[in-house]
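In the two assemblies presented below, chain A is common to both, partnered first by chain B and then by chain C.
Let's look at the complex of A and B:
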């Protein structure tokens, strides 16, 4: 189907993989009816979806706000146009005008070809919500993307990357399929590195330690790609004398379920988190650097899990923790150690969904020399996505080319700052930007924010 | 899942052509993948990386942190990308019969 229509689509997961996830793919001749049935369910359950379907007047404000449209100039990537791929069917089946005079109101029968378009375009949307930020009606297109991806998943259509990640989640509790042996070996290696690089400083990385006060939940990608983020966190916990641990059962700040299957995989992650937090007896959960995962953890646990711990164990972000210590004057930091010209990429889910812009700046200004931090334009809640948001980190050639286009705007922003360091404190942003800064020939190093904190901490005996 | 035939053996692979069962690995597999990856010949340096990955995976069940791979195989990151153009996490792991990394990579 994808070849016949010439659509840009990520590689699809196989039927076998879906069966491992407990989903029997729906046969082609039943997909349309099944999709309509799901749309019907969603319109009764999700008010934000109905508003998105009913209210858009095609004013066009969202077009130039979307980095995907700016990069591809494909009208179906205008947020209003993308939503129209669903709205046409909504009007056809659920409005009187659309049932009687479909041609007059832009209503259209749903068919397999349109479902293939959903797969293409709702996986080019990064759920960054920059369109929601500018919509005069307050339509949040990401809410529609969530629903489109959920219906596709139930039909048995999802990117290989997302389905394989879901499978790793069910098997291990993290996206990368990390085992306890692998986790411990990696952390031992990092402890040695800290000892070598910081004058014999001894830092522990406890794993599954009972009676800990804090459960630290890092991104599993930190174990392969972002070692300095893990090190920074451990050095901070050491500095403040925290009784902390990592859990090998939930070594994952992200939640790919939130990005493609909110009904089961998102729930599994949250249930696992609170089960482990309860088992370890922690008083608080501290989140690592991950944008979508922080949104999922900060806002939605009570809506997807009924374990009592969901309401009793507080969750904070490590940036909030560090900010609080800085404001209380309890961290000695030497900004000269980060003698760089740094700009900050605001991860979309931090800045537009979690009110998380100020704390990053409090930290940044404390860990780099005065004047070394340059803001991107625009920044904070108006910032542009890295182009990989919502896990669209596909590496098949067609989609990789798309990632380059989708990061055009980001590259332009970074170049204008003249910075040599691009701080992007989110694992998806990092995974997107490591290769993209090369593709766009940007002379910057991509780092996390906690990396800079760890490096600036002054330890005294 | 699909199968490919390499040197007369039927090998089950995932959608991206990564070997499903690492215990089936033999050197012929690495040569087969190298060709797909546009690597003209596997040199001693390539084998250093492949052997390290295989051992590490057998011990821990995961692919190593990239920095650890470079440090312990003695091959700097820049050279790693020259050896395996699609990178250590993809090209090199594929040659060594490890599963494709998932999540934010």
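Let's look at the complex of A and C:
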């Protein structure tokens, strides 16, 4: 718990860090007014926000749908309750009934205490959209979380993790702050590993190669945490003989801007992406394994950027391409190499925002032996979040404890499958599931999907 | 009394209801749908999207799938409400002869009146029972009680009041009021030819509650009946995937 507020809150970024990001933190005595001004602005701009504010009937169907509520049993973590933290002020200032009868309709003046609650609870929401999937109206709580986090950011309130990542993005174009030298170093090492592990197979990892046809955008976390995902992608490109490259300017499939500052950092990432794609002359951008980042890259560029490249250079996910090659019968795969009992965790953004439920299964069934793949219950678009969605991967003891609580449901699901391998093709899921598996004592190895593809590819040259 | 409840209030309620609903929807139309935030798997086309939205509307599909106990109350309550709204209009307009007018050769006027009575009675009871069930749920279920405010209960009380009065007038002959006097009075309102309110206490009570509901409607969560379509229009829309295949690769999808 935060000592100052008694709420579960991640460590806040300092004022100095915010200034580096171009945001002057708003003094406490002006925060409330400023927040109201921003709310007033959003209600004339974003319809998904207004409908979430004005359509809820408080039926409670969302409660049992939210893994955060299931893990914490805190009424403010019921999606409708969480949104109410903003809705109470919205009603108070922007509706007739809230101005006339605040007590009756549950309207409330905004105060600093509530803003602290926003910070606590909108950073416990993982923007997984399971509530939108379950809500009879389709009210999307993630839309409110986006706006709450944006307003907090403008006030100068954000987790250290998100602000530091934003700063790394501005500096290097990736979350981990990797430099070109570091990137090349790691990739060289991975190429050697592949050569050793796969009978002298020579795989190249081109970086910033001009006149490439394909720009592959991996998650920067893959360089540290999930190297097998990078290897799998490189082996696939090698197999199909693609003229591909990684850009050191945008070595990032994720987009933390999308999760805390959509107004600037998210745009910055999109701008960088198309600047680099244009510079390298690529004909197609292929995305690596990252859930929120893939949603930000697939669904948002046309509406966050008016750069000409956005309309001209198509973006697909590496799963899309692998699936198409498998369906066309163009890949020789040996499922026996992945002889293990594997289950698939559908990353929220893939399943509920990007339409990937099918392609992940086409790939999975082609790379593991028949009968080795067990479905979780529920799965696909009804799947539960890993508990780390939207980058709430905080390490301070209190928040770490929360992450483990928020993954209770996931642990239960995984245990029921009896699998020994948990495939989670998303960087945030992986980063959340490594510790989750340990804390919940699950006897599973966490892997990516492309890892399994690379491992099963049969090279005959 | 007759002037205020019988003549002034009805027009006020109608103006507030129609004007208020229009104003709310007008306001919803000002902010844009900024990004495509469709929920996947998304519908293949706009027509498929509309079919899906109407399917959700007619069946309360999500509740049926994810919260069966809530569905049991909510769906029956709403279906009964819709059918009764239609029934009230038809029955008062035709003085209970609606079924006779639909199939004159088959259904006699007497049969039509009996049908109207029966269907109305059954729906009225379903409506009341479903409302009481939903009220009970809101009180007993801790999660729902936690997120409820006073107005959530008041809306239920208002509807329960209307349903209860209607059922009393329907079930107890002493309190019954036929179609004809109400029709005469309502016709007066529609034709701006004022007619006195039927002299019937329960009717006047129920009628006042209905007008209260109309006035409250645009300023409450009852707007969800329209909000449903505006919200679903945002989250259930088609998306076109870019073509697959890697340009310039040695191995192409087609040989």
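Throughout what follows, the second predicted complex is superposed on the first by the 457 of 461 C-alpha atoms of A that agree within 3 Å, B and C clash if a C-alpha of one lies under 4 Å from a C-alpha of the other, contacts with A are read in each partner's own complex, and residues count from 1 in each chain.
One rule holds for everything that comes next: a residue touches a chain if its C-beta (ideal position, glycine included) is under 8 Å from a C-beta of that chain, and two chains touch if they have at least 3 such contacts.
Treat the numbers as computed from the prediction; the structure is a model and nothing was measured.
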Chain B versus chain C as contact partner of A:46, first or second or both or neither: second
First, second, both or neither for A:352, with chain B first and chain C second: second
Chain B versus chain C as contact partner of A:341, first or second or both or neither: neither
Contacts of A:283 with chain B and chain C, given as first, second, both or neither: second
Touched partner set for A:239, first chain B, second chain C, both or neither: second
First, second, both or neither for A:256, with chain B first and chain C second: first
First (chain B), second (chain C), both or neither touched by A:179: first
Most chain A residues touched (candidates chain B, chain C): C
Chain B versus chain C as contact partner of A:57, first or second or both or neither: second
Touching partner for A:393 - first (chain B), second (chain C), both, neither: first
Partner chain A, residues of chain C touching it in the complex: 24, 27-28, 30-42, 56, 60, 62-63, 66-67, 70, 74, 141, 143-144, 146-152, 154, 219-221, 223-224, 227-228, 230-232, 234-236, 239, 241-254
In the complex with chain C, residue positions of chain A that touch it: 42-52, 54-61, 63-65, 75, 78, 80-81, 84, 95-97, 101, 103-106, 129, 132-140, 143, 213-214, 239-244, 283-284, 286, 299-300, 302-304, 314-316, 320-321, 323-325, 328, 330, 351-357, 381
Chain B partner contacts - residues on chain A that touch it in the complex: 11-14, 16-17, 160-161, 164-165, 167-168, 174-179, 181-182, 185-186, 189-190, 193, 219-221, 223-225, 227, 254, 256, 290, 391, 393, 395, 427-428, 430-431
Chain B to chain A touching residues, read off their complex: 1-2, 14-16, 59-68, 86, 89-90, 99-105
